Amino acid sequence: MAHTKLDTVTKVFTEDDGSEIIAVDEVSIDIDDGEFLVLVGPSGCGKSTTLRMIAGLESITSGTISLDDRVINNIPAKDRDIAMVFQSYALYPHMTVRENMSFGLEESTDMGDDEIRTRVEETAEMMGIERLLERKPGELSGGQQQRVALGRSIVRDPAVFLMDEPLSNLDAKLRSSMRTELQRIQDELGVTTVYVTHDQTEAMTMGDRIAILDGGVLQQVATPLECYHRPENQFVAGFIGDPSMNFFDMRLEGERLAGEGFEYPLSSDITGKLDDSPVVLGIRPEDIELIDGTGGDHEYAAEVLVVEPMGNENNVHLRIGDTRFIATVNGMRRITEGETVTIRLPEKAIHVFDRETGEALHNRRLDEELAEPPV
Amino acid sequence: LSGGEGGSGGGGDGNTLEILHGWTGGDGKEAADALFGAFEEEYPDIDLDENPIGGGGNQTLDQTVANRLQSNDPPSSFAGWPGANLQQYEGVLGDIEEDVWNEANLKDAHAPEAVEACQFDDGFSAVPIGSHRMNDLFYNVEVVEQAGVDPSSLTDVNALIDAFDAVNTQTEATPFAMSLAPWSILQTWAVTMLGTQGFEAYTNFIEGNGDEAAVRATFETLGQMLENYINADAASVDFTEVNQRIMSGDAAFIHQGNWVAGAYINEGLEYGTEWDAVRFPGTDGMYGLHIDSFIYPGENPSPEETATFMRFAGGETAQVQFNQYKGSIPTRQEVPTDEFNAYLTDTIEDFQNATEKPPTLAHGLAVPQSTQSELEGVLNQNFADPFDVDAATQGFMDTV
Amino acid sequence: MKRVLAFLRRRRDESRARTDGGSTESRSTARRWLDNDFVRSAPFWGPPFLLMGFFVYAAIGWNFLLSLTDYTGFGGADYSSLDFENYRRLFEDPAIWEATRNTFVLLVVFTITCLLIGLGLAILLDRQVRFGRGFRTIYLLPFALSFIVTAQFWRWMYNVNDGIVNQFVGIFGIGPYNWLGNPQIVLGAVIFALVWQFSGYTMVIYLAALRSIPTDQYEASRVDGASTLRMYRRVIIPQLRPAMVSASVTLVLFALKAFDFLYAVFGGYRPRQGADILATKMVREAFGQSQWAYGSAIAIALFVLSLAVIAPYLYNQYTRGNL
Amino acid sequence: MSERSVSVGDETSDETTTAFDLRRIGLYATMLGLVVFYLLPIESGLVTSIKTSEALINTQPFAPPGPAGVTLEKWQFAFDTLWSGMINSMLFTIPATLLCAVLGSMAAYGLTLVDWRGQVAVFALFIAGIFIPYQAVIVPLTQFWSQYAMLEMRLGLLLSARSATLLELIITHTAYGIPICTLLFRSQYKTMSWEMIEAARLDGATVWRIYKRIVLPLSIPMFAVVFIFQFTQIWNEFLFSLTIIGSVSDPAASATLILSGLGEALEGVDYPLRMAGAFITALPTLVVYLLFADEFAEGVEV
Amino acid sequence: MAHTKLDTVTKVFTEDDGSEIIAVDEVSIDIDDGEFLVLVGPSGCGKSTTLRMIAGLESITSGTISLDDRVINNIPAKDRDIAMVFQSYALYPHMTVRENMSFGLEESTDMGDDEIRTRVEETAEMMGIERLLERKPGELSGGQQQRVALGRSIVRDPAVFLMDEPLSNLDAKLRSSMRTELQRIQDELGVTTVYVTHDQTEAMTMGDRIAILDGGVLQQVATPLECYHRPENQFVAGFIGDPSMNFFDMRLEGERLAGEGFEYPLSSDITGKLDDSPVVLGIRPEDIELIDGTGGDHEYAAEVLVVEPMGNENNVHLRIGDTRFIATVNGMRRITEGETVTIRLPEKAIHVFDRETGEALHNRRLDEELAEPPV
């Protein structure tokens, strides 16, 4: 339980051939005591490296990491009071579950055997693995191993929890149940947690805040819904959400955005934010409406290329001119491939990004209820 | 001296007499037992540690000796050939002229050739213990008779070759039993040279003034014998193995040092009726000299005891005890022969009467060990089937 | 070693002492140094490295030094005058050239034959035979035996009169041959015996490689229409290259060490003409003739020869990231 | 062995039954032929070793003798001769094997599971050590033992000459065994989960504790492999015996050394005796090999 | 391009210890010429085995497989004119892309070198890998390898395409783009295709029909939407759809279903199909409505346990009594954890299954438009 602070932390790897890889680039994040922070980003963006620097498994090239205002840059991993759950669980295969869980206590504290036993058993009970204590990891299912790995971290009662894609080795059904369980436990313990994932669902549902990295650079730190509805730049907008936001290359021409194949009139409160540099218009698939009439301001005729029925909803691949995009519509709605439909791109749902910098120039309007996104 | 005795003695008080030798099996062992038994009987106070080292001919013995000398941990004495062979021990041998040779008056008692062989660096470093004759031609009497050959009539090598032909045509047996081990060829070469070119040519050769024509002629003759009359597996068998064929009647003749006689006697074969020996054709009147000796290292761990032993070894008791079992003869000139078997008695007699005693080439007396080894190398390369006279001649001339 | 430890301890104590009021700067450097992975791992690899380094690398250096002296016979070497005389002698010694030639023939023929036979065995065993394990055990059995032991067997096998080999070729109406005695065939006979001993080893290497090829590869090529023979030739065998390389390197080095076998088969330092290799020549010169310096020079030649094999191999392993 | 589906190897599904049978028969015939090839020299040695000299002459070399032609005399004699050598070999092989394994495992750990720059270079030196021909070091080695270390002299009070020689052999075999052991262990340690080691570090364990509590217990199977492989290698070694011990009659002579001189006598080469000796010498390695064929093969594979 | 027919195909594996595993149990499927059939099911259900029997890589224990009415049970794999794409791609690592693609042609046809070259290059162009032809597989990214593996199959112009989870090694974004591409290519070539996956989305969107296997037994073969809306049994209902259909254990009591914590009145047309054996009531999360009023027939008060905001929608974990279930609601709707909401389980959306056999006793009603599910 500690306030963790990353201050312009940079990590540079030097390859054997002398070339340098900047894995993490001046990242600053303030993680509150008890907060659940999710670190997301595409593969290779530096998520694991960041986590490993916090853990002390990787040296810090520059910047500082502090725990409750104490700089920990030079404190070796074993003295940091940090627990980490690995993607592979990293259980000790030759030890029973009990031994796995006791190991950290034996090595890092001077607790007596009895105290360790009690503590391990309590934790095991909390994790629902009290019946597995005498088994070896090899005799456990993936989900059980996962629980043991978690239990092993919890039992040490660390100041900070680090988890590196802990659920990625589980199958879909198990993953979603462990997801809720993990949240419950973190809630109960209230330990500051940094959680790395590349799974959309986990990112959206688990964290108090999401930190999005790309190429080692921090893109945005905010609540999940803020990231979803108010992305700070095009990268975040495209990264969060599945199917991704649709993007159209446009340019402001007077009162309207002009792109290939169609134009989009804008109200003045938006045009006010733009100049005549190239922009990108963004809209999420579920915000595109299929309507019956034609001719409205933001209504267009589009050809249906492919319909992907998902049961509860359909992903409709559409085309206006040469521009392709996707709309998500109710699963009960019947659409046939090849037909032409009318769509509406409501102005309140659009985002506008600078095409050069990717910076968000305008984000969607939200219903009042969501004007301040829920926590 | 400093700590040289830490050795195999196992921490005695510096007086342990440690003797290395290679007589580990068969008649060698019996002979050694007799020799050391007699010594212990005579000097019960001396702490004797006789250390037989077997394997690979004398190879491992030499190796061990070399190791010990190398690491400054010499034994009291070790068995080895005297003569030129001593040269390899340059710098590590001691002088026992006073303590042994003079004191025991050995110089007069032993044959002059033996005395000479033991001299080294203006002194004496060895004591002879016995001698094998190197110019014998043994044969299986029955086979030879069957072939209609009379060995005693073989006066020169050509006659011998005729005899080989006779064996070939008249019997199933191999005419000439041979092992193509390099030392064995070398020894056969030496005796062939003696037989065909004479003592002087041989002496010239070993002294480094060899006549190429004589060497070549020797090779040609030897080549003729080896190419046509020996056993097919000569290259891969030991002399012991081919010697068995003499005993079993699968071969007619063999040339070897007279240690093979021991094998015949041990097998219970009758001298004269079952096996017999003549001098290699052309060497009548010569005694092919081979000497076994005990060599005296300097820095001796037990100078006193060693000297005592050396004097004993040169004495009559030792020489009789040892040689009667070893199948060799004493180098002392006047010893009673009654302990010796008929063959050895004949040999002793020949030894006394021999006009010339050419030193053996293949057993350390004639040339230093390195030269001997090079000669063997030349033979192994060029004259062990196929028989390349030119290359071998060239090699021999270059080496000596 | 002790001194290093003491130094470390002092260093640590100093840094501790300074913590009270000392500069954090130096403290953290000292600490960092102590926590340095190199320093922390040194107690593990250091002692084995020193032991191995002394006996391998120091010994080779020493050996080279010896080869520059004229050390023969007894006593110690004289290191005061060093020259390359022994190397000159090496180049002029026809026996060396012959030994070198034999060494090469042995290396090449032995290695290639073993590779071929080993590959054949591995493919046979890989074809899902019953008792595959048993077959493997039998084929590998000779490898578990000492050269000295197998030499005894082959002396008997090659015996001119009673040997099985001659009986076998006799079936075809040829022979008997003097396998170990005839200079023309002795090397071949030795190589054959060595192949007998080591082809099982090659098989195991190949087998491991074969088994690491995913089943998919076999199936894909079958679906692609390849027959079994073509499948092996075009898809499987080309993928065994790394195994082949590592097996060859090891085989070459076994061949360089064939001294034991030759010693035991020929009962001494001097093998039959036609079967002398650098290894036997070296031991003979050094230990048979006490030509220590010259022997050392031959040893260096042998070392260079093996280096010529190892160095590219190590480099290759390094670039493949296998080190 | 069993992972690959049946059809890959034998084409069950695609050949008609008879063709398939013929193929299989051919396959097995080849394999059995090879069994004969690999076992014949050994079998022939075995039957020869129990033949009387009569039987040796009268029977085929590979055929077993009749009941009258059997004698265990050669075995008896060979055993008597080799007995001390067997003990000596055991005395240096076992400690050297253990030492190699422990040192190799430590070195591999230091070079694999602790990450530092330059370890590849050090490791390359270890690897190259595997491939050094012993001839290249044998002269300095014997010089070192006989002229510089001189254990026998320095430790004369503690050690008999025999023990001194055995100690020399133990150290020598250990030094030259370390590289291969390091390689074997390293190949295992490289597959060990790096995350697991990091987990232990985070759990507060030091480098030593990680080795003791995690790495060592997990390498027990590899220790078995290394023991078996190294035992065989050291037992079978000859050149060191030949040069360091030197003499068959030395009280420290190893089994292989004694075997090399066995059965040579003035009376001829005694093949049955040699064969019996060969078997006795090979016995420990044969037993180890047959009991642990899989582990042995695993050791070879690396 | 061939009509492929599986007739009561069974595969039994005999283990080393003599025990038998029935991997595929009397499966009969008729695959039309040019059809895209997706084979789904949980891990170990026999999908791969079925595929491998078609390919000829696995012998058939009983039953027959025929291609265009020719029984191919005993034809060796190499003569079947079938191409297969493996999960691991199974590219030959020592050959260049070109050689990989040529291999099959060289082995199974007697085309000349030139012809092969032309054909390989054409196919490579179609797959967009013409620039990779001289590279080795090791130098390609996952997606590129995937394309090569596909290209290698396509170039042979086989009668049937078999694909065993070809996309499972790709990351999410790449997977969805390859998915559409694969469909496009199959569409273009019109080759009969059997596609194994365990990915919901792939199953729903790619196939003309889905065949669902469980424990070696075929559960249903139908169009994706039919499987979604008209599952033949509870297994299919639970397997297809994410989040899964909610199930409630119930029993018919007069006119209503009674379960733990709540009762569900039924109209007579449904009760008519039921007797009094235990049943399972099923309803999909997206069919559960959150309403404002209370007290209607199928309306219940439920406690909100967890809300997982996904951006475009929220997964709401609910509880009535001890029964937990999930509803999916619009992402813009604000729900807080712990509050009590009223939900409606519309009768037209429910499914009823036999609890013993799992057989569907009643499936949901569909809007007219969907009465005949779209193709």
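What to note about this one:
Letters are used for the chains, namely A, B, C, D and E, taken in the order the chains are written, and counting of residues starts over at 1 for each.
Please note the rule applied: contacts are C-beta pairs under 8 Å (C-beta built on N, C-alpha and C of every residue); 3 or more make two chains touch, one makes a residue touch a chain.
To keep track of the chains, here are their UniProt names: A, E = ABC-type D-xylose/L-arabinose transporter; C = Trehalose/maltose transport system permease protein MalF; D = Trehalose/maltose transport system permease protein MalG.
All values reported here derive from a predicted model rather than from experimental measurement.
Listed by label, the chains touching subunit D and subunit E alike are A, C. Traced through touching neighbours, the fewest hops from subunit B to subunit E number 2.
Across the two candidate interfaces, C-E and B-D, the one carrying more C-beta contacts is B-D. If you average the Cα atoms of subunit A and of subunit E, the two centres end up 27 Å apart. Separating the CA-averaged centres of subunit A and subunit B is a span of 94 Å. Subunit B and subunit C have centres, each the mean of its CA atoms, that are 41 Å apart. Per-chain Cα centroids separate subunit A from subunit D by 56 Å. Residues of subunit C found to touch two or more other chains are 159, 219, 222, 267, 287. Chain contacts: subunit D has residues 5-6, 8, 11, 143, 147, 260, 264 touching two or more partner chains.
Touching subunit E in their complex are the following residues of subunit A: 43, 171-173, 176, 180, 183, 198, 200-201, 204-205, 224-225, 228-229, 240-244, 284-286, 306-313, 315, 317, 328, 331-336, 366-367, 369-370, 374.
In the complex of the two chains, the subunit D residues touching subunit A come out as 193, 195-196, 198-206, 209, 213-214, 217-218. Subunit D makes touch with subunit B in their complex at residues 142-143, 146-147, 150, 152-153, 156-157, 160-161, 246-250, 257, 260-261, 264-269.
In the complex of the two chains, the subunit E residues touching subunit C come out as 52, 55-57, 76-80, 82-84, 86, 88-95, 103-104, 107-109, 152, 156.
Those residues of subunit C that touch subunit D in the shared complex are 36-38, 40-49, 51-60, 62-63, 66, 76-77, 121, 124-129, 132-133, 135-150, 152-157, 159, 162-164, 167, 196, 200-201, 204-205, 208, 211, 215, 218-219, 222, 228, 249-250, 253, 256-257, 259-260, 263-264, 267, 278-279, 282-283, 286-287, 292, 295-296, 298-300, 302-303, 306, 309-310, 314, 317-318, 323.
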